[in-house]
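This is the structure I have questions about; it appears just below.
Note that the chains take the letters A, B, C and D in the order they are written out, and that residue 1 is the start of every chain.
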Amino acid sequence: MDVIESGIGELFQPPDPDGFREWVHTKKNTQMKDKVMAEHEAVSQFVQDGDYIGTELYGTVRAPMSLIREVVRQGKKHLRVAGQGIHEIDLLLAADLVDALDITYVAWEVYGISACPRRAVECGLVKTTDWSNGGITWRFKAAAMGVPFIPVRSMLGTDTLKYSAAKVVKDPFTDKPVCLIPALFMDVGLIHVHKADKCGNCRIEGISGFAHEMARASKKLIISTEEIVSTEEIRKYPEQTVIPYYLVDAVVKAKYGSHPGEMCYRYWRDGEHLQQFLKDSKDPAKTMTYLDKWVYGCKDHQQYINLVGMERLKKLESEIGGR
Amino acid sequence: MPDCNQTEFLICLASKLIEDRTTAFVGTGIPMLAAALAKRLHAPNLVSIFEFGGTGASLEKLPLGVGDSRTFHKAVAASGICDMMETAQRGFIEYGFLGGAQIDSYGNLNTTVIGQYWPPKVRLPGSGGANDVGSHCWKTIIIMRQHDTRRFVPKVDFITTPGYLTGPGAREKAGLPPNTGPYRVVTNLALMDFEPETRRMRLIATHPGVTKEQVIENTGFELPVADEVKTNPTPTDEELKILREKIDPERYYISK
Amino acid sequence: MDVIESGIGELFQPPDPDGFREWVHTKKNTQMKDKVMAEHEAVSQFVQDGDYIGTELYGTVRAPMSLIREVVRQGKKHLRVAGQGIHEIDLLLAADLVDALDITYVAWEVYGISACPRRAVECGLVKTTDWSNGGITWRFKAAAMGVPFIPVRSMLGTDTLKYSAAKVVKDPFTDKPVCLIPALFMDVGLIHVHKADKCGNCRIEGISGFAHEMARASKKLIISTEEIVSTEEIRKYPEQTVIPYYLVDAVVKAKYGSHPGEMCYRYWRDGEHLQQFLKDSKDPAKTMTYLDKWVYGCKDHQQYINLVGMERLKKLESEIGGR
Amino acid sequence: MPDCNQTEFLICLASKLIEDRTTAFVGTGIPMLAAALAKRLHAPNLVSIFEFGGTGASLEKLPLGVGDSRTFHKAVAASGICDMMETAQRGFIEYGFLGGAQIDSYGNLNTTVIGQYWPPKVRLPGSGGANDVGSHCWKTIIIMRQHDTRRFVPKVDFITTPGYLTGPGAREKAGLPPNTGPYRVVTNLALMDFEPETRRMRLIATHPGVTKEQVIENTGFELPVADEVKTNPTPTDEELKILREKIDPERYYISK
């Protein structure tokens, strides 16, 4: 099983299943206990300068926006970041908190392209390693499986592979080339869910994106949730638990925590807010004004919500599709 | 040209490429509109698959992104990205839709950078799911809104997504699943396929009022021409009405 | 990435992702259509002599027992079989329909060990290749992912590996040995679920065992279901669909389809029936008497259910735990 | 010996090895009873994990198998086998419980065949989840109901599940996760651990009325003896009452 090709991209977080196991064994608590805390406490306790962090799903859809705003507020520096990047990564980049990006897609879909990542990457301030969307998610999956890599049939033959840190080997069973994707064990995962109990057992409605994988790939895991439910309720439908408590370090209550993004079955995205930011992002000064108002200007998520206003939020609730 | 803009023309043309009773891996933008239009017209049994987990949504309202709640509204399944990518990897998805900033004659696409890799002259969005779609779907349909020599280039700056790579057999040699690859290229000027022996892009139909020469002129590499070059059909009134009134009434896409 | 060790076990179904893809492309229909049919039709149409088949979960728990009885009734021969083996594999072995077993566990847990597999294997009639339970399930998972293998950290250093068809390689990222488990793409998968619509969109309550993986690893997939629900109901809670319709070839209605095993939240296992079979299994003649009565003697699942009797079934329903 | 049978003694002893506030990978049989007993007495916060997906069940009723509905009754999660095996593989499970037909001095276990591999003299159940549990859990507790020289052998016919393989460092060399391996062996005669320098089984405590010599005599390999050999505690009346009345009232296990 010879290595045919090795991507030349930097591996910002090399796969280390044994290191992850050791961390779990010495630092992780498998006791079922109350982990509810304020976002300030969760972020200050579990995110450190230099950490490799990941966010799920992406900026306009069920993203842990209230947690990301808190990370920016606390000015956690020299972060290395993975994930689909839209509004959440823009905020980190605008606040100059990121050293390196494992990147797959940093645009705003229907709305266009944000200027934040372009500025950061084009002037060489932020290092990048590129992956396909499948590729980066399979990196989480490999970590979630507790193995150093998984084989996939993406990225082969392309510069996406060449500039990644994947490898191509000859499969010893079929003798055909396959791409090996290195596992991505993260220091911190941030995930926003519909329901969690106080111990961290979580439910997600609708698509689960890559929550299953990222939760399992994170040494430290902070959950924000629209709603806290009882453990009795969790125990009634155990098959609905996507993230079991033992993966979770902190549970933060954050109704409207995905705003300005959407939360399926709960509230629709705030298109006006998003498009305004996108416009502002073209101008570094206006980007800072946005941060001053919406992030630094709010002491916590509650103040942010007050600033958005209940009228707007009720409107967004009325705009989301039902079941 | 009919009384519609180029985007509308593109969408209607792309929509017609989708057969009924199949699956399509649908990305942000024109693919969503094409799939929604096909589903309302000739392909009611089309199952659209979105990379973050939505399978078989009603598409009553136009999704604004590949993870939004409309991608799984009244869907038959809502799972996650790995499941969808692996569904494609196992061969269950017929059509994939792709776009790009640059394309070469083998259908290789660039959506990553213009210029060197890092730091780049222009940083583009990146692969997203494109590389996976282009690797695993049986037939990828490439949509290029601007057919010109800046975009149709002899060599793309970065191969984000594999077309036929360096020619016949190259995909298989690289380890990509056999018998997959670009199927059609739809642009604001014409419709192209890939010549089976050489795997090079070939002109097969032009839009009304567009000449073969115009297409060749706007292509930055040698573009073979099929023996018979057809004229692409103009969108019907019905298509335009549904597109404008039902699918994108807010004109997120079709006004562009 | 050198191969350090290769298991000497026979690979009864070598991994062939390209062959699977080609099969899907040419033989599988992705149209949403009515696939409800009688078990006789499903088995005669989709199971052939010589097929490699798999069953989920296992003999006493949510197993497709009515389908297995139909396979025995139709006398499908020279089967190669994977999966946890309890009552379902006993029936196939007792009827002499199996040539080869990818084996992980063939005992009856609390009840003891059935004589059927012991007889079949000890006299050399049935070939075996051993795997760990994780190992064989990861084989399904690799197939479900569409790749030729996945790396795991089980089986290393043991005879379980030596007599399997796994390989040990040096991981090119960490330089440590890992075990590569070959994908197991099956000809036929048989899965029993709680609810399915007529197109084959399936829901499972409680643990999902390895249904997700086996459904995706099967070229042909026959579903039996306790209940058929409307597609509208399926569309209301799309996150509950464990098996989407496009994987499914046939949907067979089979209330009490797991009997004599249990079906969580529906009915408890029939301990008396199971223990009687286990006793009978010690004696080949009595084993045949069991088959004559419970399998060959019933023309279909309905007759089997009639033979069990509603009184017994209602009692089992009353014995299962609620939510 | 107290007024209880060997199985009951074993269960109570194994139960005491489980610390509170931990996770245990629970297999069929004695492990289930030991976990249920621990949960009702000294380890109310024990989270039991069953290989087919049950996590943190109430264990109000005794499961009859690792997939039955009691393994996830009022559980906090009910997923599938891959999730559970990978949870162990990622290092989240503290204790694993194993048994076997044969064991050697390094704690290697055989549950596959007696004699050659195929066709075997005696076909045993196979690995089931044992190999995975023994590979990934931090501490595996081995339960052997019959301590005799037929079962405690110099060389097992087949290594189904890894103990310390050939000695110190062998697990790591084979690629197994570091710092894992057999922790205790509980039998009908005694309690053993594994000597840290040699990784060989060592006698650390005998049951009441059992002598060191008896244990050594019934062990088919050289069995080192700890400096201080303790006497294992007799089950208390409370333990036996709970075991007989609450945990296994139908005597599926404890009558054996």
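Couple of notes before you dig in:
By our rule, a residue touches a chain if its C-beta (ideal position, glycine included) is under 8 Å from a C-beta of that chain, and two chains touch if they have at least 3 such contacts.
Just so you know, these numbers come straight off a predicted model, no measurement behind them.
The chains touching chain A as well as chain B are C. Contact count check for B-C and C-D (C-beta pairs in contact): higher for C-D. Chain centres here are Cα averages; for chain A and chain D they lie 39 Å apart.
Rounded to a whole number, the gap between the C-alpha centres of chain C and chain D is 28 angstrom.
With each centre defined as the average position of its C-alpha atoms, the distance from chain B to chain D rounds to 57 Å.
For chain B, the set of residues touching two or more other chains reads 54, 72, 78-79, 82, 89, 136, 177. Residues of chain A in contact with two or more other chains: 17-18, 145-147, 152-153, 176, 178, 206-208, 236, 238-239. Taken pairwise by the contact criterion, the protein chains fit none of the simple patterns, being neither a path, a ring, a star nor fully connected. Chain pairs recorded as touching, per the definition above, are A-B, A-C, A-D, B-C, C-D. Listed in rising order, the residues of chain A touching chain B in the complex are 57-58, 60-62, 84, 103-107, 109-111, 113, 117-118, 121-124, 127-128, 130-135, 137-138, 141, 152-160, 163, 168, 176-179, 206-213, 262, 264-265, 268-269, 320-321. Interface of chain B with chain A (complex): residues 28-29, 51-54, 61, 64-73, 78-82, 85, 89, 108, 112, 117-132, 135-136, 158-162, 165, 170-171, 173-177, 252-253. By the touch rule above, chain C contacts chain A in their complex via residues 1-3, 6, 14-18, 145-153, 167, 169, 171-174, 176, 178, 180, 182-183, 204-208, 236-239, 323. Those residues of chain D whose C-beta lies close enough to touch chain A in the complex are 21-23, 45, 47, 54-56, 58, 72, 74-79, 82, 86-87, 89-92, 94, 136, 138, 177-179.
Those residues of chain C that touch chain B in the shared complex are 17-18, 20-25, 28-32, 144-147, 199, 201, 216, 231, 234-236, 238-239, 241, 244-247.
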